[in-house]
Amino acid sequence: MGGVEGTMKISARNVFKGKVKKITAGAVNSEVTIELPGGLEITSIITRPSVGRLGLKKGTTAYAVVKASSVLIAVD
Amino acid sequence: MGGVEGTMKISARNVFKGKVKKITAGAVNSEVTIELPGGLEITSIITRPSVGRLGLKKGTTAYAVVKASSVLIAVD
Amino acid sequence: MGGVEGTMKISARNVFKGKVKKITAGAVNSEVTIELPGGLEITSIITRPSVGRLGLKKGTTAYAVVKASSVLIAVD
Amino acid sequence: MGGVEGTMKISARNVFKGKVKKITAGAVNSEVTIELPGGLEITSIITRPSVGRLGLKKGTTAYAVVKASSVLIAVD
Amino acid sequence: MGGVEGTMKISARNVFKGKVKKITAGAVNSEVTIELPGGLEITSIITRPSVGRLGLKKGTTAYAVVKASSVLIAVD
Amino acid sequence: MGGVEGTMKISARNVFKGKVKKITAGAVNSEVTIELPGGLEITSIITRPSVGRLGLKKGTTAYAVVKASSVLIAVD
């Protein structure tokens, strides 16, 4: 489990706790950036209705959740 | 772009630089965990041949790459 | 939100409550099938350690979670 | 194979037959909700041109297709 | 729609017709490589039961199907 | 590795070199179509800021990158 773990239990191996830094809304999707500890940031595309349902706004504490099979690895 | 950016340019909004901490090999897939700055970790499932092609082993500097549309968000 | 909604709040638009029907374990990944109301079933591939961490076994109540961007649509 | 199976053969383990309930169109993507038997619903994001190419509108019989590796599992 | 289009109609924007070149089976997943026209190849990970259900073996004509939101872009 | 391989090393098994043929921009996402050798095309949805960051425009040489676990297989 990456980073700080919440009380929910989800199969995704990567759960990162942070605060919403920025939200950009489109007609169907919205882009949400979460600031993580150590200066890292993670950006997500979720549907616009989900932003409302989760009550996301700048400063909201939130978790970025990433299934291990969605992570690629690169080397220089 | 999350964290430290490499010289490659990829559309994925999330690229995290770290070091390979652990590799578990299966017949088809392998699980690779990368340690990020600040004590975070990210776990990836990639095909076993890719582990060899990239020369990944414990300690290798590597990037975890995550497309924004693969990131979910959760709140307590 | 598809079907019965749990207490957790996640951006995924599709959350289906059911019971674990079958688990097949591999070295790296496991296949988990969940039986939904109305005779539907949904099959998931998650990492083997996640099966243990979530305490999944036959009969466990569980939610299948699917991000809307992962759903394709087909017509005859 | 989830639910009713169509005549097409696709590797995705989850194929759910239902009727289009709602379509929301954006510039690039559209959100399509399909009503399944038993009162379940599944929501998909597909590109806007695909909605036209498949002839989707309210009431169209359609299949929601989900690859097993795209399904997460959660427990309370 | 990439390449030759089959008779099925699926929302995925990328459907490539080719022939199965190689299958590697694991306990849960199998790796299937399809040879496309022009010397290209595309490799897929699907569940092992799907290989059987689709009757895939070396030489089988098959389509590789890729949702547009699963495609990343890179530049040198 | 599908098709022509670039100098970057990424775990994705499928990397196809081509030229950008068309870009459609939305508020959050953009659709980018890449023309491959042999008359094939591959369409991608990436975030709008990534189009700018990569400097993509009609005619740009670019790679389409697809993780093997994102590829479905279908048969007639």
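Letters A, B, C, D, E and F mark the chains as written, and numbering starts fresh at 1 in each.
By definition in this document, contacts are C-beta pairs under 8 Å (C-beta built on N, C-alpha and C of every residue); 3 or more make two chains touch, one makes a residue touch a chain.
Everything numeric here is computed off the predicted structure, so don't read it as measured data.
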item: Repeat of interface E-F, chosen from D-F, B-C or C-D - more than half of residue-number contact pairs shared; value: C-D
item: Between chain D and its twin chain F, rotation from the CA superposition, multiple of 5 degrees; value: 120
item: Mean-CA-position distance for chain E and chain C (Å); value: 24
item: Centre distance in Å when chain B and chain F are each reduced to the mean of their C-alpha atoms; value: 20
item: Rounded Å distance, chain A centre to chain B centre (Cα mean); value: 16
item: Sites on chain C at which at least two other chains make contact; value: 1, 8-13, 26-29, 31, 43-47, 50, 54, 65, 67-70, 72-76
item: Contact footprint of chain B on chain A as seen in their complex; value: 1-3, 6-8, 10, 12-16, 31-32, 34, 36-46, 50, 54-56, 60-76
item: Interfacial residue positions of chain A with respect to chain D in the complex; value: 8-12, 26-29, 47, 65, 67, 69
item: Touch list for chain B against partner chain C, complex; value: 24-31, 43, 45, 69-70, 72-76
item: Chain C - residues contacting chain A, complex; value: 1, 8-13, 44-47, 49-51, 53-54, 65, 67-69
